[in-house]
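Presented below are the structures under discussion, each in the form of structure tokens.
Both complexes below contain subunit A, partnered by subunit B and then by subunit C.
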Partner chain A sequence: MKLDVGYILIKDIVFAEKSEIKDGILRLNAKELETLVLEDERFLAVSFDIARPGESVRITPVKDVIEPRAKVEGQGDIFPGVISKVDVVGSGKTHVLRGAAVVTVGKVVGFQEGIIDMTGLGAEYTPFSKTTNLVADFTPRDGLTPHDYEAALRFAGLKLAYALGRLGVNISPDESKVYEFPSLMEGIKLYPDLPRVGYVQMLQSQGLLHDTYVYGVDMKQSLTTMLSPTEIMDGAIISGNCVSACDKNTTYHHQNNPVIEDLFAEHGKTLNFAAMVITNENVYLADKIRSSDWTAKLVDHLDLDGVIISQEGFGNPDTDLIMNCKKVEATGTKTVIITNEYAGRDGTSQSLADADPSADALVTGGNSNQVVTLPKLDRVIGTLDYTEKIAGGFAGNVGSDGSITVEIQAITGSTNELGFNYMSAR
Partner chain B sequence: MPKYKVVHYINQFYAGIGGEEKADYKPEIRDGAVGPGTAFASAFGDEAEIIKTIVCGDSYFNENLSEATKTLVDMVRGLDADVFIAGPAFNAGRYGVACATICSAVSDELGIPVLTGMFPENPGAEMFLDRLYIIETGANAAGMRNAVPKMAALALKLASGAPIGASIEEGYLPGGARVNFFEKERGSKRAVDMLLKKMAGKPFVTEYPMPDFDRVPPNPAVADISKATVALVTSGGIVPKGNPDRIESSSASKYGEYDITGVLDLTAETYETAHGGYDPIYANQDADRVLPVDVLREFEKEGKIGKLYNKFYTTVGNGTSTKSSKLFAQEFSKKLKENNVQAVILTST
Partner chain C sequence: MDILITNNPLAKERFEGKFNIAFVDGPLLDVLIAVRNRVHNGHTLLTHPLSGSVKPNETLYKSVLISRVQGAVDERSVSVIGECILATQKFAPRAIPERAFADLQEVDLALISGALQL
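== the complex of A and B ==
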């Protein structure tokens, strides 16, 4: 599969009469967007706001972050099986509004949404302090269950990102990049001397608001399978998660999966990016055993020399991570795993909930229990009502000066396990 | 700004007293910098000053461990030092053990920040790795030139109370607390680079060496459960409604002990979960789903178990470090044993 990705650099987002992209400025008619998302009767109201890098703004409770993209040429459309009809994506041409993001805000569970600070210490820990964000804060109808609210928020965010992406269809991109993913045989012929490398992506699928969807399918109902990494760039994988903010893979993370990008960067030079496997992180032991068996079986069948395995979440999924690693290593394929740590606030605890000697090559996104004090910011989009209850918060963590003390666990994307960030730990 | 005051510990050899034949040299205190202390003094410049140097023979220290430690701590006491430095000891085993032991004692008893330096294989390093900042050095005194600037830089940070970076940044041996820092490459790139090395059979360094995992074998089955007192313990966060002890939704700093005398059923009005890692709806509707008090009351009535212990212990497993979990369990296990509880049903989520 071959995908040409064109990046339209978005310098700012402003509200305007007419929705369009002009000179790198994304101009949006908020009324139109409101009409679009309030089609869903589950919402009472929505308010839109814009948060720019460097502004004294705190966004919380954050549910998802999504990058606006549009399919310009080729089969299928963005977010197949969810927003657009089911069809194979990942080839042709896609436009990206680079530098812009849709951030959905709303209290689904209270514990499991995150914080994005656009300036100060908190901004250093989240990648979304560097994007210009259209923030959509939703008010649900009375009595809406958290499950319905989550689904409604998920769809609304995707619809907004889709609509914004469409504004870029006729804009000529500032930069472009071609990602070519050859078939197995082509790859072997093209790069006979390079090690054949795969990427095993573990998708959060513990259920009960811990869900990831692939072409609209709830991943916990799927066996381990394969796809082309370019499909993911077109929104084949979306987040439906309410897990700790630090290691939730937002839809934005999926669209911009850094392991895929960095494997493509070496593809044809030092390695042959030969396969992408996706597997789940279910809660039942039988599922864990079956899925990790299938991971190892696929990797073995594909005769890969090495794989990178990335995780989502912590604790329970640590067991899936270690099972995958152990079983893949047992087939003779080398592994590197990407995870993060819960080493306690003082950093002296064992970091993972499971371990095995075969996991001898590990990349860490850092200790999520590290405590930080975030200064009071001028403006809050959303509400600070859940600051104590949020995963990573604690009783009495709001200072008299308006500062909040939290574990970085509460910051969206802070210890991401796709290797999205620069943070590590020793 | 006044200079930070440094007290430096060295052995008889580095003090110029003598080698093995003088290793029984008794502790003494001298003014100013001695031996390697002069290199530290120049590295400190105007920022810090070695006010005293304490010298002790390696054999004397190791053969009179507790007495020598006490004498040395007393020598440091009252000097109003901002930081205490020992060594570097390189790969000298007895010197390394002395440096680490005295550092540990000064830190514990006087609350003064301490650091030392040694070769990773020095037994002193292995013994004190998790407790001390030990700057990694070469195996012998040829490593002095590299060791001094790193030790001096870390000493100044410790003296000023500045935050200490990760081992890889500061140059101390890893093995103690995990510290976050920002790398030059993002994680995915580091993973690709590590995999290329691993596949090529080249050396690579994992960012987290696997710990010795604490696996607990299950106890033998309870001989007669119909006579046993059974307790409920959960990491699923079930608490009386309102979470009276405010157990955190993640990374719990405490556990709760709650009395269930006379409680036959947990209801939505009386109990809930504090756990932030799973969808709380079903647990909040009926907390028995996580902490099965209702079923155990039935079993109690039917004589299937002896009785249900009148207290349950609960915490939130979500993001809680294994170290904290272990501490909680050690504490309440003792209480369970004291109260003759013979079996525990441990529920998670």
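== the complex of A and C ==
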């Protein structure tokens, strides 16, 4: 599959009479957007706001972050099986509104949802302090169940991102990049001397607030499978995961998976990016055994030299991660795993809830238990009311000066397990 | 019927009659210890004790399913529950506001229901 991705650089978002992109400014008619999302009767109201890098703004509780994209040429459309019809994506031409993001805000169950600070210390821990964000804050109808509210928020965010993306269809991109993912045989012929490397991406699939959808299918109901990484760039994988802000993969993370980016960057130079495998992280232990067996069988059948395995979440997925690692290593294929750590506030505790000697090459996204105090910011989009309930927040953690003390696990994307973050060590 | 070990009143109510309920009137760690004791007696772990990304010190409730059948001690179950207890103990205890209780019960119920497709 070959995908030409054109990046339209968005310098700012403003509200205007007419929705359009002009001179790199994304101009939006808020009323039109309101009408679009309030088609869903599960919402009582929505308010839109714009948060720019450097502004004294805190956004919380964040549900999802989505990058606006549009299909310009080729089969299928963005977010297949969810917003557009089920059809194969990942080839042709796609436009990206680079620098812009849709951020959805809303209380689903009141905790576990993240913080995005646009300035100060908190901004250093989240990649979404660098994007100009259209923030949509939703009020649900009374009596809406958490399941329905989560689904409504998920769809609303995707609809907004889709609508924004369409504004870029006829705009000439400022930059472009071609991603070409050859078939297995083509890859072998093209790069006979390079090691054949695969990527196994584990997707959160534990249930309410912990789900991921592939072409609209709830991943917990799927066996381990394969797809082209370019399909993911067109929104084949979307996030229904609200839990654990620091390490949940938002839809934006999926659209911009840095493991895929880096494998493409090395493709044909130091390695042959030969396969992309996706698997799940279910609660039922028999599912874990079955899915990790399938991962190892696929990797073995593809005769890969090495795979990178990334996980999503804490605790339960650690078991899947280790099962995948151990079983893949047993087939003779080398693994590198990507995780984050819950190593206690002093960083000295064991980092994962599972381990195996074969897991001897590991990349970490950082220690989620690290404590930070975030200064009071001038404006809050959403509500701080739930901060004490957010993962990593402490009960009564809002200081008299308006500062909040939290573990960095409260910050959206801080210890992301795809490596889409700013944590590093020397 | 398999055995649901839980301290979540909502799960107890929902699954009465579907599973043998072993209700634990105590904190989350007591649920895990009850699971471990049964696993040591030959029951097999059927669901992961750290289900959900809600950290052990951020929730009060946990429901874990184990096998009705008692056989030889299952090594994998022993290892998983042992790791889960160690992981739980490393989180510093935290006060959880009362208004979060209902949500936490709901999430635990959703996770176990999702796992069992009920």
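One rule holds for everything that comes next: the second predicted complex is superposed on the first by the 422 of 426 C-alpha atoms of A that agree within 3 Å, B and C clash if a C-alpha of one lies under 4 Å from a C-alpha of the other, contacts with A are read in each partner's own complex, and residues count from 1 in each chain.
We adopt the following convention: a residue touches a chain if its C-beta (ideal position, glycine included) is under 8 Å from a C-beta of that chain, and two chains touch if they have at least 3 such contacts.
These numbers were taken from a predicted model, which means no experiment stands behind them.
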{"item": "Partners on subunit A (subunit B, subunit C) - clash or fit", "value": "clash"}
{"item": "Partner chain in contact with A:K220 - subunit B first, subunit C second, else both or neither", "value": "second"}
{"item": "Touching partner for A:I308 - first (subunit B), second (subunit C), both, neither", "value": "first"}
{"item": "Partner chain(s) touched by A:A274 [first = subunit B, second = subunit C, both, neither]", "value": "neither"}
{"item": "Contacts of A:T364 with subunit B and subunit C, given as first, second, both or neither", "value": "first"}
{"item": "Partner chain in contact with A:V243 - subunit B first, subunit C second, else both or neither", "value": "both"}
{"item": "Comparing the two partners subunit B and subunit C, which touches a greater set of residues in subunit A", "value": "B"}
{"item": "Which of subunit B and subunit C A:M118 touches, first, second, both or neither", "value": "neither"}
{"item": "First, second, both or neither for A:L321, with subunit B first and subunit C second", "value": "neither"}
{"item": "Partner chain(s) touched by A:L203 [first = subunit B, second = subunit C, both, neither]", "value": "neither"}
{"item": "Which superposed partner A:A70 touches (first subunit B, second subunit C, both, neither)", "value": "neither"}
{"item": "Subunit A positions touched by subunit B in one structure and by subunit C in the second", "value": "109, 111-112, 146-147, 206, 208-210, 243-244, 314-315, 342, 344-345, 349-350, 353-355, 389, 391, 394-395, 409"}
{"item": "Subunit B-facing residues of subunit A, complex", "value": "109, 111-112, 145-147, 195, 197, 206, 208-210, 242-244, 258-259, 261-263, 265-266, 270-271, 305-308, 310, 314-315, 334-336, 338, 341-357, 359-370, 389-395, 407-409, 416, 418-426"}
{"item": "List of subunit B residues in touch with subunit A within their complex", "value": "130, 166-168, 174, 176-192, 194-196, 198-200, 204, 206-211, 213-214, 246, 248-251, 253, 275-282, 317-324"}
{"item": "Complex contact set, residues of subunit C against subunit A", "value": "45-48, 50-56, 58, 76, 80, 83-84, 86-87, 90-92, 94-97, 99-100, 103-104, 106-107, 110-116"}
{"item": "Residues of subunit A that touch subunit C when the two form their complex", "value": "109-112, 146-147, 204, 206-210, 220, 243-244, 247-248, 282-288, 313-316, 318-319, 342, 344-345, 349-350, 353-355, 388-389, 391, 394-396, 409"}
